[in-house]
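So that you can tell them apart, the chains are marked A, B, C and D in the order they are listed, and the count of residues begins at 1 in each.
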């Protein structure tokens, strides 16, 4: 069924990306302890299409993915991109993997262990060179600084989500980014807490109140001081407890 | 193109519902001040199909909806169901409308006005008799009672959502249900608050801490005391600020 | 922090369900080949709360889940429910697990292998007895019978989703339900197809055109003939290619 | 409660965007026939925050929006941005409105009228100058060219979504973009069709089969020939009937 895709298109319009989206497939990803996590990824696979090509052979995307998914390291992603580019006769290739990464947590007082689900993703391109962006979203607790000042006591707290994307030299683990974000918030989130843990978290959070603006800047400062990271974007979104909308802050920087 | 749908099916399997889903269409809904709100509804329209009928004429659903959508009162919904049942030659008909209803709010100190978006829905059936369920989801503030006790001060607060469904004799306005829910929570939500409003809301919320269990029971007590309401289901879900999962409670009762 | 939850509530309102929702946690589920699949589940855990109890100890839910998640068979789910009911001092317990299950597929001509993602779920309760509902959603191809008749040739085809829920005596594998649904549609879906596969699927699909009503009845007939299954609900939803809304059919039956 | 936000931050980190997200509010938008449509928008409102400012006064966003929402033209959006920038003491402001726009459709044979829901959005910024991007997503029918060639007859068809974003000199109506996309696909989508309409649409669609690549290029050619449009991005995503993943193409161009 390939002849039509291979026919000549005379409209002189190169396409930036042609490929498949919303493919759900099992992959494994490495963790910082030398193991891997099996997860299901929602996947996009694309190539750039030159003006003369009528279409891409879509079945190749699934075929090549199926052969290159275990474990899904940055190096493996680069091989996947090279293979896509070669097999599709393209000048560029691009992939996106979104998955859930679990980080072990130990509650602050009881030391009860549990696993925190953090949405993560890879976005990688191969054109003149290989580009790889790692993203992780981390849930945190935030306490509002101005409500403490205003009331002299009671403050509103809420769940917040911090999304960090980085481009790095060398390797940065998802777990490192999670830790860095948790150190920047009012308090971390532990899926399993006993009563003493909950009291400790609430008290700690009220001693470190942060606006969404503070939270983003706290993370940015830490990323600035890490020599491995040469580009980042940090977004924070708080599910304000006193509103039905969220508050948001974002900063993007490169060295 | 109707002949196949009208042909005889000999498998002896009646279908509970046959119809269309995810139709997005503008409708207007009445409010308690004698006006109407124009909104877009996500709509499902269905009939019961007898064993002998091969299929339903799907185009009739859209045609009949288009003629019966302004304003969408309970009475109009009943007419729509009768028309669907008659036109499709069915013994039962069922419709679902999900839409956003805006409730005017006035902040407690500054009296600043704004509009609170509340997801609402109608679910109605006509078989032996007409059945109509009105549902509204209300965002509220909740403060945790046990964190106040545990710390002697700081408590965690969060946004919660209370979903109330009712079957009534007579008429109950969406605005009445919103008010009833807000009176059952730690504090209401105002989309627009000035500094003094926010302080007042936070202080009030800390004086009325509620578990998700309390919230549901507070709403249930108020519904029990309203003679117009002969069936209800109340669900509450809190976006816990110290967790990335939610806490939930539910009760369903009929007289 | 437990004293408040254990205090007496005098409102005389029993709660049907109290617990946690939207917890994302890794679990493993058994497959028909004797292995297990590691997956992440979105989980709800609940107990019924008697009138006199002010609240449930929410941390117990996560603690008990963390201890009972590998592998998540029906037997393990029953143990989990018993443990929840005992630990929370409740008369009933209820759990819901939603996850993705991968089914190996082999394309009809090339025999190329790939994995098909099927959303699945368990919903289980323990009150007077143990109740377990297994659900799986299967993507399929459907071709419209009446467009073939109307045009004498070209027909519209679309992706459809069939959702089957069953209560069984003995064991029914997810893979069996997937196969049964695929045999009821115009054609199965293969994530990886070469050109010859695609032609074969399209031709086969046009030889077995089905309305959404036919699809549901085809599945129901097969479930009726399986003595292990004593209750089912079948829903089918077609993403009509000539509409932006879907068409839908549903039947629920018990022996 | 404003003092903390106004305090000096010495971390020397300017924030690209600070503001609110996920505010649902009623707005009205103009249509090409001189009228307006009342709709509910999901809204984000942001300013750039200079390094020295600790935080933004979030309540101002809602207050200013509430005063500038009817009707929401590009000119009104510019006024809103100016007001946000001035009131927040910022150097830049950015807003995003996502809403549903209804386009009247008349079926090709029966001339039955109905309304097609098209998701649309505005994304606008004010920094050195005013920038305004209009986006609309249009559902269409696509028939696969290579399946026609391969089988010599039966082809797979599916629903597709084309998303067009434009920057223009002068004014381009949403309805114009919808028409342009529909003329580029295998066939348009009519929410209400009688039997003769459906046959006509299916036959027309099979006479104009398009790959997702063709669809994007067809739209791009038409946009290239419109002198008012100086930048565009076109994305097309087909809900492949023979797969559970989608196929996708994208092109972005400026004069």
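Keep in mind that, in the parts below, contacts are C-beta pairs under 8 Å (C-beta built on N, C-alpha and C of every residue); 3 or more make two chains touch, one makes a residue touch a chain.
A quick note: this is a predicted structure, and the numbers were derived from the prediction, not measured.
Asks: Tally the contacting C-beta pairs at the A-D interface and at the C-D interface, and name the larger one.
Replies: Per the contact counts, A-D leads.
Asks: Which chain's centre, taken as the mean of its Cα atoms, is farthest from the centre of chain C?
Replies: D
Asks: Quick one: chain C and chain D, Cα centre-to-centre, how many Å?
Replies: For chain C versus chain D, the centre distance works out to 34 Å.
Asks: Distance from the CA centroid of chain A to that of chain D, rounded to the nearest Å?
Replies: 25
Asks: At which residue positions does chain C touch at least two other chains?
Replies: In chain C, the residues touching two or more other chains are 1-2, 23-24, 62, 117, 146-147, 150, 191, 193, 195, 198-199, 243-245.
Asks: Write out the stretch or stretches of chain C touching chain A in their complex.
Replies: Going by the criterion above, the answer is residues 1-2, 23-26, 37-40, 59, 62-63, 66, 100, 102, 112-115, 117, 191-196, 198-199.
Asks: Along chain B, where are the residues that touch chain A in the complex?
Replies: These residues of chain B touch chain A: 116-117, 139, 141-143, 146-147, 150-151, 153-159, 187, 189, 191, 193, 195, 198-199, 201-203, 205-206, 239-245.
Asks: Flag every residue of chain A that touches chain D in the complex, lowest number first.
Replies: 1-5, 9, 11, 13-24, 44, 46, 49, 54-56, 58, 62, 145-147, 149-150, 211-214, 216-217, 220-221, 237, 243-252
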